[in-house]
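Following: one structure in structure tokens, then a few remarks.
The first chain written gets the first letter, and so on, giving A, B and C; residue counts start at 1 in each chain.
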């Protein structure tokens, strides 16, 4: 092995070594460090329940909370500065300043995010007969982790931080199977049950107290192309979902002009590419499958 | 940054610091420690194959197995005691005792669980043409990890341990995309292939030698509400699946009165909300899509 | 607790201690070490972007790249040798040699794999309106991680290394929800968007510049059985997909004789069990659901 290796290593190093086009290491965010900050923030939002951060009686003066906040803010500002530097078009000082401002915006929003998550927790507890306590929701519900990460990433998305919001949302996707683009706008009291396979597109606008089940797609119908045949980026292409809507498992709702009116119920596996008015009930026609009973003996 | 931080940190600490309502740190289970115990137990059930625990020739007297068992039992009893304490209604001593009893019940069940898992492994090997060996099933099949975790969590669920069974099942869900509520009753020889998106509800009862594919939902049809409009918890709302049933990808079977008779085959994407007798074959009518051949030149 | 434990530990150790049938610890691959090698290789393919390995300016002579390559090659050869030893039929020396040859084959292929992944990255950037940069694709797109792992595992599959290719593909499945069997043959410029629930079977052959969405299954239609009723392993049972095909979310394409002709578009949720010619457009008939508007007041 070593002989083989020695004889080939020079060529391999040349082939795999970063060319001049690769970014310098201090000019690109580090995904691992972004995830570490994200975990710290989630722990700060749910103190004690996510295995990090102290609880009430262990930190009477809030000293640990303060230290964790400071470390997370500094690390986040640094990663955001790298993201701005990678994207180009800003001087080093401007990147540094923009990184701090983005981190500041996120930290300013933390109390409001915690309040929205409190509504999300209640929505999950009240919306799932299997939930035994709100603590169970906080500790174990993938839908809560996904929306918590989303509410954090969305703040950075609105500040136009490159790379980092998507790295955060993909962490949640990997953990939960729920893929929420950080651009989506989502009101409080949001609950996704089970969640695997859910996709929520970048330009979705979702109201208050909406409930989704696993496998729901809120997606694009088709992609506009420019004169060169390239996809046009940044236009509205995903649906709006108004307040108090329930969407059952596997439903697919597509298109930037599609609006699901408030208090509607969309049945499982429904395919919907146009708007429906408030209070609609949408379901598939005759989903009855063929049953061929071989023995046709009595069932129990 | 530091100036900004210093000026805002006081307010943030106040906003995010646990209020008096948060549980004390020793009165809530630690999810990370629960997962650590779970990993130790899985390693004990598959010695050598999961990267932890010794193998036959490395541990002739079983000393390492003994040490690992002891550590896992003590850690589990401690976490269960915290879960009982969090739920309230028990004195500290009673919580401690109940935690030990729950851990004892789980450890008493380990030999039986290993025997059931041995049947699960054979079912996977015999049920998947791509499986090259039973060791491949043990090392790499997500369905096996999901059912192993379920068989452990289900013991604690039956002992009414709060919080911990769900934390365990959600660990498996996160790793595999397979969401089995710890309340479900599942016989031996169970195999889920691929598995992403599978949901098995709390009150399901599944017989022996049942095979599921990815995206199968065994769910609730609707939720009963009480006089106040709140969901009623704890009633039978998920289907029964009898012995030797195969359910193909994406099928949805709902309702607490729905029974799939033994030796039935449920086709892919079938939607089923009532019982079928034994030996049934259930499939969708005319799934034939429209094919519009543009050029209509020869296919290869 | 300790009293209970002490009284039962002997029986438990006997019940759970590996029997004589368990493999010795140096004759079975260690999944954790296989994953470590895999992460090193992914980091070498995307220097700097995956949180490991140096970037251009930090490693001018490539010394770190060289060290990482050497360590990964040696660890991989060792794990492959264990896999051959576990499978049996080879002497210890032959296992050692076969392990080195498999690792050599993988390392020889690394430059070519990097070139194919470069096409995959461009395909993702050009195929998703939400993608802001190719770096975003590298850092955060689950489809890219899945295909990168697949391209590595497929080399070992072709060298008939037992156990390890499946352990690698299952790592990607766990992280992304995308389940690609290491046996599948996949051309360059491949893009899976969102990806959760995708299943690609062992004997699939996929051309160049193919795009899939979440929940697509390229699977087997039925399994051949031998005279004893056992599944026959190793025969062609999954479809071929030719160049420039797009398959939308949730489509299911089955069977070893099924060929999707080049430049075809398969609509969402389509169920297809026969071939279609090049340039076909395949979609479901009348997917229109029933809309029952309760209030029937104006939508916005």
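Going forward, contacts are C-beta pairs under 8 Å (C-beta built on N, C-alpha and C of every residue); 3 or more make two chains touch, one makes a residue touch a chain.
Predicted model only: the values in this text are computed from it and were never measured.
K.L.:
Regarding the subunit B and subunit C pair, does the interface count as same (over half of residue numbers shared) or different (under half shared)?
P.N.:
different
K.L.:
What's the rotation, in steps of 5°, that superposes subunit A's Cα atoms on subunit C?
P.N.:
That pair's rotation angle lands at 120 degrees.
K.L.:
Rounded to the nearest whole Å, what is the centre-to-centre distance of subunit B and subunit C, using the mean of the C-alpha atoms as each centre?
P.N.:
The mean C-alpha positions of subunit B and subunit C differ by 23 Å.
K.L.:
At which residue positions does subunit C touch at least two other chains?
P.N.:
177, 196-197, 215, 250, 269, 284
K.L.:
Please output the residues of subunit C touching subunit B within their complex, sorted ascending.
P.N.:
Answer in residue numbers: 1-2, 4-5, 8-9, 12-20, 22-25, 28-33, 86-87, 162-163, 166-167, 169-170, 173-174, 177, 179, 181, 183, 196-197, 199, 201-202, 215, 217, 219-220, 223-224, 230-235, 237, 242, 250, 252, 259, 261, 267, 269-272, 275-285.
K.L.:
Where on subunit B does subunit C make contact in their complex?
P.N.:
It is residues 44-45, 47-51, 54-59, 62, 65-66, 69-70, 73-74, 77, 100, 103-104, 107-108, 110-111, 114, 126-133, 135-136, 139-142, 175-177, 194, 196-197, 214-215, 249-250, 268-269, 284, 287-300 of subunit B that touch subunit C.
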